[in-house]
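What follows is subunit A paired twice: with subunit B in the first complex and subunit C in the second.
Now for the complex of A and B:
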C-alpha cells in the first residue's frame, strides 16, 4: 500500500516540474467557466428569466461540471507511451501490480489538480458566480460519494480504452471517440434535462451518465432519496463491469507484450 | 546446483509484413499479412548461483528476447524457465522482487525527477528496511560516486552518470540475480572500466548471479567466466572466453621491422599478409609454426630492428563465427 502512495506522490512531483503548464490550466478552467456562463446568460436573456431559479440551476450545473472536469483529468497516454516506447519492460521488472501503479499515478494527478486547479476555481465559483449551495448536508455527503464513484466510472472506462494499446499501439482515435462520447452522453456540457427524449433515454442506459450527471443531479436535489440509492448502486455496477473487462484485457495483454526497440 | 534452468525455450513473434511504397501500404492496410518469426529456437542451458555469464551474438540473434523471457517480461511460446524455483512469467511479482536489471538503452529512473527520488521510491517498491537501504546507498556512493549528481534531474545527467545511477538502482534491493543488457553501450573507456570493476566487485562480494548481453568483447573477457554465443535463435557456443580463443584462434601474427627494405621473403607455412617495405606482417598457424623458430630464422638472414607478436584476438574469432567462417563443433558445447 505504501508503495502505491509513493507512486501517487511521484506523480504529483512530476506534475510540479512543469509548473507553468499547471498555472495555464487554472486560467483555462476559470475562463471556461465564465465563457459558459456568458453563453447561458445569452440564452436566458432571450427568455427574460435571468433572475429565476431555473437560470441559477443551470449555472450551478455548468460550474459543477467544469469543476469536476478540472479534476477528472487523467494521464490518457501513459499506457500507450509505455507500450510504444517499450518502457513497459521496466514496470514489469518491479514487484508491483501494473494496474495498481497506473491507478495510483492517476490519483496523484488528480490530487495535484485538486490543490492547484480546483481550489482557486472553487473560490471563484463560490464568491463570484454564487452557485447554489447543496440541497442539504446529507445531500452534500451523497454528492461527495457520487463524485468519487463518478471518477471511478470514468477511470474504469478509460482503463479499458487505454489497455487496447497492447493490441493497436496507437489509440489516439479511440481516446478521441471516447472523449466525445463522454462529453455528450455524460451531461458534462449540457444539463441532461435539456436533452431530447431519445438522447435522455440513451444517457440513462449508458455508463456515461454515471460520470457527471448523477452527482450533479444529486447536488441539485433533483433526485428523490430512493433514486439516489439506485443511481449510486448503478455507478458501482458500472465500475465493477469496466474493472472486470479491464482486468481481463490486462490478463491477455501480459501474454502478448512485445518490447519495442530492443 | 543450478539457479537458472532453461529447457527447450522457444519464442515466436507474429509480425505484420509491410509491403513497400504507398500502394504496398494500402494493400497491407486492407489485407494485413502476418508472418511468424522464430526469435529463440529451442534453447536449453543452466546457470549456477554466483556465476557471471555473458550472452553474445549478432544483432537480432535472440539474446535480448532470451533475457526478457528470463526476467518475466515476455511469455515464452513454449519450453520452460525456472529461476530459483519460480517461473518468471507466471510468478512475475514474486520473481521481480529478487531480480535486478539494467537496460543500457533505456533508463529505469524517473526522467524528470532527481535520481535520489527514484532511489527513495525503490525503497518502498522493494519494501526495504531503512537501515539496509542506507547502508547500500553508502556503498554505492563510495564505489560509483553517486553523490556528485544524485540531486540533479535525471534528464540532465551525462550518459555515464545515468548509467552509474541505473546500475545502482538495479542492485539497491540486494537481488539474487542481475541482468545487464548492454550496460556499457556508448560509454567512454574510463566509464566502461568503472562499470566493469563495480560489477565484478558486487559479484564477488555478494555472490550475485549475473547475466550480460553485450557486443563489447571487452565486457565479456574482463568480467565473465562463461560465455554463451547465440546466433539465429540457437546457442552455438557455451564455454569460457579462453577456450574459444584456444580452439578457434589458430593464427598468430608476427610484425617485423627490418632495418632495410626487404622483398620476396618466402617461408613455408607462413603467409605474408602485409608488406610495407620495412614493415612486414606474417601470419601463421600457431600449432604448425613456432614463433621462436620463425624469429630466429629471420634474424639469421636479415637485420631486424624490432618485432611484435600478436595473439589472435577474440573479437576476430567472434567475427568469423558470425560471418559463418567458423562452425562451432558440437563437442565444445559441453553443457548443451
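Now for the complex of A and C:
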C-alpha cells in the first residue's frame, strides 16, 4: 500500500513541476462556465425568469458538471507511453501490480487537480455564480459518494481504452472518440431534463450517465431516496463490468507484449 | 538573403502544390491511422454542435436567432479553420520548426522564408475533420436561412471565408513571432485562441460588453463569423453599413496580417539559430 501512496505523491510532484498547464486548465474551466452562463442567461431573459429557481437549477447543474470535469482529468497517454518507450518491461519486472500503479498515478493527478484547480473554480462558483447549495446534508454525503463512484466509472472505461495501446500504436483517435461519447451521453453538456426522450433514455442505459448526470441529479435533490440507492448500485455495477473487461484485456496484453531491444 | 531571385506567382503556386502533393503522399502512407484521426477530430468538434442543437430543439429561438441561423453562424468557424490548417499549418507549427532547426534549413534556400514555412506543412486530418463539420452545417443551413445565393452573395461569402482564414492565421502568427526569441508561447496561444473561438460560437449579442469589444478589436473573431452572418441573415443590426459588411472581413484580415508580418520580420532580424 505504501508503495502506491508514493506513486500518487510522485504524480503530484510531477504535476507541480509542469503547473503552467494546469493554470491553463483553470482558465478553460472558467471560460466554459462563463460562456454557458451567457447562453443560459440569453435563453431565460426571454422567459423572464432570470432570478427564478429554474435558471439557478440550470446554472448549478452546468457549473457542477464543469467542476467535476476539471478534476476528472486523467493521464490518458501513460500506458501508451509505457508501451511505446518499452519501459513497460521494467514495470512488469517489479513486484508491484502495474494496474495498481496506473491507478495510484491517476489518483495523484486528481488530488493535484483538486488542490490547484477545483479550489479557485469553486470559489468563483460560490461567490460569483451563486450556485445552489446541496439539497440537505445527507444528500451532500450521497453526492460525495456518487462523485467518487462516477470517477471510478470513468476511470474503468478509460482503462479499457488505454489498454488498446498494446494492440494499436497510437490511441489518440480512440481517446478522442471516447471523450466525445462521454461528453454527449453523460449529460455533462446540458441538464438531462432538457434532452429529447431518446437521448435521455440513452443516457440512462449507457454507462456514461453514471459519470456526471447521476451525481448531479442527486445533488439537486431530483431523485427520491430509493432511486438514489439504485443509481449508486448501478454505478458500482458499471465499475465492476469495466474493471473485469480491463483485467481480461490486461491478461491478454501480458501474453502478447514484445518489447524491442534488450 | 537580399539578392534573391524573384519567382513569379504561377511558379510559386506550382511549387506550393508540389509540396502539398508530397505531404499528401506521406499522409497516405498511414491511411487507416490518418482517417481515424479525421474521424476523431470530427467527433470532437461535433460535441459543441450537438450541445447547440439540443439547446435549440428545446428553446427554438434565442434572442431572435433560430437553430439554422445559429448553425450557419457556427459553420464559418469550421470552414475557415479547415482552410487555415490546410494552407497555414506551417504557421501553427512554427515553434516546432524553430526548435528542431528546420527553420535554419529554410534560411539557406533561395526562396522567401514565410512562403517556405507556409508551403512546408498541411494538416490533412484536421482539414478533413473540421471541413466535414463545416460543410455539413453549411449544407444543412444554406437553403433554409433565406439567403439568395446569387453572384453578389456568393462572392461575398468567398471573401468572408478567405478573410476569416487570414484573420485566424494572423492570430496564430503573433505567437510564432515570439519563437525568434526562443520564447515558447504555444500553450498560451492555444488557450487564448480556442477560448475566443468558444465565445464566437454563439452570437456576440449574448455576451456582456467587455467580451464583445475583445472579439471585435483584440481577437477579431467577430469578423470571422458574427458580422458576416448579420449581413447574410439580414438581421436588423446590419442597416448601418449594409452591403459592405462582408468585405470588412478580408480588409481586417489584410491589415492584421500586414501588422503581424511586420512584427515577424522584426523578429527574424533578431533571430540567431537554436544550434551552434
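Basically, the second predicted complex is superposed on the first by the 259 of 262 C-alpha atoms of A that agree within 3 Å, B and C clash if a C-alpha of one lies under 4 Å from a C-alpha of the other, contacts with A are read in each partner's own complex, and residues count from 1 in each chain.
In this section, a residue touches a chain if its C-beta (ideal position, glycine included) is under 8 Å from a C-beta of that chain, and two chains touch if they have at least 3 such contacts.
All of these numbers come straight from a predicted model, not from anything done at the bench.
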Should the superposition on subunit A be reported as showing a clash between subunit B and subunit C, or a fit?
-> fit
Now for A:10: first (subunit B), second (subunit C), both, or neither, which partner does it touch?
-> first
Applying the touch criterion given at the start, work out whether A:257 contacts subunit B, subunit C, both or neither, answering first, second, both or neither.
-> first
Tell me which partner A:92 touches in the superposition: subunit B (first), subunit C (second), both or neither.
-> first
Between subunit B (first) and subunit C (second), which does A:21 come into contact with in this model arrangement: first, second, both, or neither?
-> second
Who does A:190 touch here: subunit B (first), subunit C (second), both, or neither?
-> second
Once the shared chain is lined up, is A:204 touching subunit B (first), subunit C (second), both, or neither of them?
-> neither
First, second, both or neither for A:2, with subunit B first and subunit C second | first
How far apart, in Å, are the nearest Cα atoms of subunit B and subunit C after the overlay?
-> 5
What part of subunit A is shared between its subunit B contacts and its subunit C contacts?
-> none
Partner subunit B, residues of subunit A touching it in the complex = 2-3, 6-7, 10, 13-14, 17-18, 85-90, 92-97, 254-259, 261-262
For subunit B, which residues count as touching subunit A in their complex?
-> 13, 64, 68, 71-75, 89, 92-94, 96-97, 99, 101, 103, 105-106, 108, 110, 112-113, 117, 120-121, 124-127, 153, 181
So, in the complex, the side of subunit C touching subunit A is made of residues 33, 36-37, 39-41, 43-44, 46-47, 50-51, 54-55, 57-59, 62-63, 187-188, 190-191, 195, 198-199, 201-202, 206-208, 211
Given the complex, residues on subunit A that touch subunit C span 20-21, 24, 27-28, 31-32, 35, 38-39, 41-43, 45-46, 169-170, 172-174, 176-177, 179-181, 183-184, 189-190, 194-196, 199
